[in-house]
Amino acid sequence: MLNRNIETFLGCDNSYDEAKAVVFGAPFDSTTSFRPGTRFASKTMRGDSYGLETYSPYQDKDLEDIPVFDGGDLELCFGDTSAALGQIEAFTAGIIADGKLPVMIGGEHLVTLGAVRAVFAKYPDLQVVHFDAHADLREDYLGASLSHATVLHRVWDLVGDNRIFQFGIRSGDRSEFRWGKEHVVTRKFDFVGLAAVVEKLKGKPVYFTLDLDVLDPSVFPGTGTPEPGGVSFMELLDAIQTVSGLTIVGCDINELSPVYDQSGVSTAVACKVLRELLLAVIK
Amino acid sequence: MLNRNIETFLGCDNSYDEAKAVVFGAPFDSTTSFRPGTRFASKTMRGDSYGLETYSPYQDKDLEDIPVFDGGDLELCFGDTSAALGQIEAFTAGIIADGKLPVMIGGEHLVTLGAVRAVFAKYPDLQVVHFDAHADLREDYLGASLSHATVLHRVWDLVGDNRIFQFGIRSGDRSEFRWGKEHVVTRKFDFVGLAAVVEKLKGKPVYFTLDLDVLDPSVFPGTGTPEPGGVSFMELLDAIQTVSGLTIVGCDINELSPVYDQSGVSTAVACKVLRELLLAVIK
Amino acid sequence: MLNRNIETFLGCDNSYDEAKAVVFGAPFDSTTSFRPGTRFASKTMRGDSYGLETYSPYQDKDLEDIPVFDGGDLELCFGDTSAALGQIEAFTAGIIADGKLPVMIGGEHLVTLGAVRAVFAKYPDLQVVHFDAHADLREDYLGASLSHATVLHRVWDLVGDNRIFQFGIRSGDRSEFRWGKEHVVTRKFDFVGLAAVVEKLKGKPVYFTLDLDVLDPSVFPGTGTPEPGGVSFMELLDAIQTVSGLTIVGCDINELSPVYDQSGVSTAVACKVLRELLLAVIK
Amino acid sequence: MLNRNIETFLGCDNSYDEAKAVVFGAPFDSTTSFRPGTRFASKTMRGDSYGLETYSPYQDKDLEDIPVFDGGDLELCFGDTSAALGQIEAFTAGIIADGKLPVMIGGEHLVTLGAVRAVFAKYPDLQVVHFDAHADLREDYLGASLSHATVLHRVWDLVGDNRIFQFGIRSGDRSEFRWGKEHVVTRKFDFVGLAAVVEKLKGKPVYFTLDLDVLDPSVFPGTGTPEPGGVSFMELLDAIQTVSGLTIVGCDINELSPVYDQSGVSTAVACKVLRELLLAVIK
Amino acid sequence: MLNRNIETFLGCDNSYDEAKAVVFGAPFDSTTSFRPGTRFASKTMRGDSYGLETYSPYQDKDLEDIPVFDGGDLELCFGDTSAALGQIEAFTAGIIADGKLPVMIGGEHLVTLGAVRAVFAKYPDLQVVHFDAHADLREDYLGASLSHATVLHRVWDLVGDNRIFQFGIRSGDRSEFRWGKEHVVTRKFDFVGLAAVVEKLKGKPVYFTLDLDVLDPSVFPGTGTPEPGGVSFMELLDAIQTVSGLTIVGCDINELSPVYDQSGVSTAVACKVLRELLLAVIK
Amino acid sequence: MLNRNIETFLGCDNSYDEAKAVVFGAPFDSTTSFRPGTRFASKTMRGDSYGLETYSPYQDKDLEDIPVFDGGDLELCFGDTSAALGQIEAFTAGIIADGKLPVMIGGEHLVTLGAVRAVFAKYPDLQVVHFDAHADLREDYLGASLSHATVLHRVWDLVGDNRIFQFGIRSGDRSEFRWGKEHVVTRKFDFVGLAAVVEKLKGKPVYFTLDLDVLDPSVFPGTGTPEPGGVSFMELLDAIQTVSGLTIVGCDINELSPVYDQSGVSTAVACKVLRELLLAVIK
């Protein structure tokens, strides 16, 4: 009697019941205007995580000691953005209802909106910490209000002024930066000030969204809109350990596009970031 | 005084006024469920058409003798399928109103629906000739009624029974083939019977939609869903010359995905097919 | 309560108990001397089979009607060829003991030897039908007796003279062809004579091994040692339907190397061939 | 009435008359001895600049405020180096005659010679600032005096001793470095001393030539002869802002080879560098 | 005492003295106007010929029985077309002077002119048999008289009317085809009539030039200007065996561009074609 | 009379007799469990070293002044790990017997074991300096004791406790790090402490093994198991110059996998590292 073929992200092979966190994929990139492909991120990460160890020499922790369940990928409706976001919201809400931490793998950055809606429904005082190359603060983009380029504006519609803390931002149009000055807290280019934000938000529920293109394209070429001038891998690892001081009630990593990652190094980076993130935020 | 940098498909450098046909791109692939990338087709074809001649030794005709205008690409809304189709419909309607032939470069196959709506508005007795590997006849797909996999069903909603003539079909689920038997005329695998259909439709207004994946993937690897077992390049050229016997009032070629065309051969095929199509159908 | 993430080849989602056939991967390519990579075949095929239908318009059959179980991939020892073959043999023997048909996805061609050993243990009068570009009949290769280039010689060590029937062979050194004339039945270049062989072997237990490089590289570029001059996809489909007249007690397809399949067309071919093979040989 | 399809680099959509600067492509790489492909740079940059913003958060300036005209690409004669340089020289001279700044996109580095000839004809006291990994100071290369490897020696033939200021040089043969010590000012590996040079050249006419391979290949892999050990993107941005203190009367960026830029990150870098350069040097 | 590292094309490891034929590379593509890269052909073929056998099951001959010397690659001057052709001519003349058959691996098609000059100097009644997708008959191209697109016109300048026999031609501008009708013998699309030409030229000295893009791009994608609609691999093999009836005094294969051959299938085709050509023409 | 085609790594064209060091390739990757391809490293490095200079501006030395012989590649038995290691050991022993320095290009890291056996036979007090991302200290891996993941454990079997000095290690399972603490000297992440180790080992015979994946994947993407967080190119160059203070009696660089190096930057890095290593360690 043989077992079915189960594919999970590295070490996330616990049962749902015993798990403290649930990893799942949201393979959606319908609003990506430039170069699509992030829909393949979660599947590719599961496959390539085979080449990675569960043990982190950075944190001296091991994923084998932390119960995580991998719920696979949502089957999302391409071309109907509202429907897809609804699916993500419902799935996330179920995980939260069971008292577990949702850890979503995008997909384009817009998927964050679905997850934030579910988390915000439970935590009305939700704060958002946001690592990204792009401000993502447009009111609308190419006529769409639901877009990868508007997602943090849509999150702001929910949480309101001064609840969003952005780091690493190095791209946006002039109006986004101007609007941002009034409504969100933006640190351009790097993570300076992150520790102070973590201190300030201590004890409050936080959603953490990590657009991997905050990394420099030399480190992370496999993304739709590479923006030179980003942070290094070690700067990001440090920032993730800093973030572990927060009370994270939901998180995601997004914008890995394996189509543009011919050597596989971006997927390796994404896998290691996810490993470190799981080790850092699951208490 | 220098001129602006104008990029057109091979030889399509006539003015709008003098043109009999208008080539334009519809770079949309939001509903593509498997591998996106057809949004890059029209731009890539314009660039690579540089390597092609305007003269066809097959038809002994030259594009320099036929006035065509290249209107560039529509800027379509990603993630809002209805809006994008509306843009395509309006643009096509304008071309038709000016008495010119619309020749659209997709994008995913769903873009055909926008163009057919505009053409059907003028020609209520419209017939449709369809070359494809896939039946594209589903009622809905992953919860969406507007999808690359449903597009011919949506066209049928407009034109009704026995107005759609499919050739080369070699993939679909069982229910599509069954539904098709009642409502459309389907030739599996090849072009046998095409000449008879052309004869039968003589004088009637016809929309011709060519999904390039009707070609075998050895000839045309650069597409989202390659289906082995397709027609050869020469079989397609012959079929295009046969189709020239029809009264074509609108046409498109679609589903080239340059992302999966590393060697450029699929783009070369698409360019040559478009050259031959323009030479064949513009009277 | 969520389910674990199960990945199977297209439609092979039945339970082990109800299944008539068991698909499994043997991701091993340690002896490949030129370009490795076939170890990735089974995983890639599972992922890309998402783009394929369960229904075959060629055979008018549907995989949904045929109970198949996908047992996932063996975890084989790289660098220790004997150990890896032992693992394959033991796994195959278990499937046979349960009265099910083993359907292996290689891997390099040497994996066939492991499966044949298990099948031969039960069926001492085993015959072997072999589609390939290469004779694979060397006595040894670069000093190794267990090699992709010697595998059919090793199978002959088991089954003896005139039990192996090769088709499509178009590469080998002079001595292989000479040795082959004495000991096996070889048809060069194509499938002429296959129907007669099927007739002759009727009722006898047959192992069917399909090296996908029997296909022309235009159809199937994604393989370690491409050999121009091969059969077409339709010729192979026809041959598979012919083979369905045999009493197949074990089979495999091998030598897909996704590393050399940038466009994905070879994986699409391999998936479709496996679908057609399952539909053809499971009674 | 539709407009022709105009393709320009990001935001360079002003009329020729109103423009202060003219961007144009010199797609020539005939003398490239190792890996060709820089001929595709300008076209690829125009297409991919779609993914970039006109606003620079580094300089807090916006290309929308600066009138630039994109004159497209020269159609240069491949295989006849002298003829191609003559075409570049004539085109550049026209721009200078109209009182505008020529901004050329190479092509291989030799194209600089054509532009410098035109600029030097107007400014006999021309100074040259040169960022590069390679000294490019050979007297001849493989028997050719006009070569990417000799271009700065040819420029020296015009401007004479101590008028060329090189930065970032980390490759060359021993004789080049020795010759260079007598005739040009070379800073190896980095930009130390650039501010002093800018100070020294204040008010003098300067041609600025930027071989993008001065960047480390991790940042800029898409070039013909990658040289590890280069400067970072932020170091280059800083240097460009320093260079803005000069009186630049002509400039170019060169040696992007999209053929070796599978992920597109090098093109993204080149686009951003050109944006920053335009914002920095147009007064 | 170790030997130096010698790299030869498959089986061409005889000494110069004992060799009947000399294989050498002419890695030049300076005039290629569209996509360069053929300069890498000869080196790549030597490396990948490792995966091929010396024995041909088509001709039942073995390269081990035929003495061939591989002279490596010429080091040609990029950017100075005349100089490069002079180098090729001189090298070829040396081989002829030693009574051996020159077998050149291009490079772009223009390299043929250098070799033909040397052969014509010895054989003033030289005939030329030419397989190609392109007529290559322009008087000049982009202002250059020495170009891949003019090479057969330049050969005609030497040999005169009705000495050039073209097969497989499917691309050219209208004027080339018209000029060709007066001066050369052109068979479009295929090899029909080749046997008759061979019969007619029996006993006369013939230079045979094979542009591999005569093959369909499905078979041979790795070339600068792919032209769909070409011949199959088996058609080419047959034609090569037909050509063996000629008195070939010089020959070449050209236009393999490994840069566009990601899967390696085109290199495999080129290697096998060269093996079959050597087996066919060396008497 | 022409010379045979000799291919050597940059400048290593001296005769065996006059050479102080012998470069050779060990193209073996049979035990690589994740992504194979290092077998192509040495051949690719020889070809691409064409783009590199023999002169180092870092060390102000020139390879033309240092006699090195390139012995080509061993032809190793794939699939029989013991046999392959035996071949490497014998070849290395011959070089040592002739009083020359062996400089091996891997291949996977396991090839180091073959060379170390030969060197250890002559120098029983051998010390080992090891740069790597991975500890490679497992007792066995997937059932194999001879594996890329166990190679330093096997070396320890020979040399014993505290003779192995590791730098840059950032990956391994928890048990490897624990075992390592007892038996080897491990510096995680960087080269801190290297100078002290060099001082301590002064005068003792040292084998230096450099797994190129110690570099960050941004610098060196072309490797089987990329590990983000590595050292920079300049850090490695510095470390190599530090290592030149040792008495190196054998060395290797390994784990370049050209299959995953589409842009060629990793090969460029490997070539430059080898040039600098030869210049640094040959006395």
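We call the chains A, B, C, D, E and F, going by the order they appear; numbering starts again at 1 in every chain.
Everything that follows uses one rule, which is that contacts are C-beta pairs under 8 Å (C-beta built on N, C-alpha and C of every residue); 3 or more make two chains touch, one makes a residue touch a chain.
A quick map from chain label to UniProt name: A, B, C, D, E, F = Agmatinase.
Remember, it's a predicted structure, so these values are computed and weren't measured experimentally.
Enquirer: Looking at the contacts, which chains touch subunit C and subunit E alike?
Expert: B, F
Enquirer: So which chains are sitting against subunit A and subunit B at once?
Expert: Chains touching both subunit A and subunit B: C, D.
Enquirer: Which listed pair, A-B, B-C or B-D, reproduces C-E with over half its contact pairs identical?
Expert: Same contacts by residue number as C-E, out of A-B, B-C or B-D: B-C.
Enquirer: Where the centres are mean C-alpha positions, what is the separation of subunit A from subunit C, in Å?
Expert: 41
Enquirer: If you average the Cα atoms of subunit C and of subunit D to get two centres, how far apart are those centres in Å?
Expert: 55
Enquirer: At least two partner chains per residue is the criterion; list those residues in subunit D.
Expert: Within subunit D, the residues that touch at least two other chains are 216, 218, 262.
Enquirer: By the touch definition up top, name every chain pair that qualifies.
Expert: The set of touching chain pairs is A-B, A-C, A-D, A-F, B-C, B-D, B-E, C-E, C-F, D-E, D-F, E-F.
Enquirer: Across the complex, what residues on subunit A touch subunit B?
Expert: Residues of subunit A touching subunit B: 29-33, 36-37, 39, 75-81, 83, 110, 142-144, 146-147, 259.
Enquirer: Taking the touch rule as given, give the residues of subunit A at its contact with subunit C in the complex, in rising order.
Expert: 1-8, 16-17, 22, 43, 46-47, 69-73, 94
Enquirer: Going by the contact rule at the top, pick out the subunit E residues touching subunit C in the complex.
Expert: Contacts found on subunit E: 50-55, 57-58, 62, 216, 218-219, 233-234, 237, 262-265, 268-269, 272.
Enquirer: Under the touch definition given earlier, write down the residues of subunit B that touch subunit C in their complex.
Expert: Residues of subunit B touching subunit C: 34-35, 169-174, 177, 188-189, 216-218, 221-222, 224-229, 260-262.
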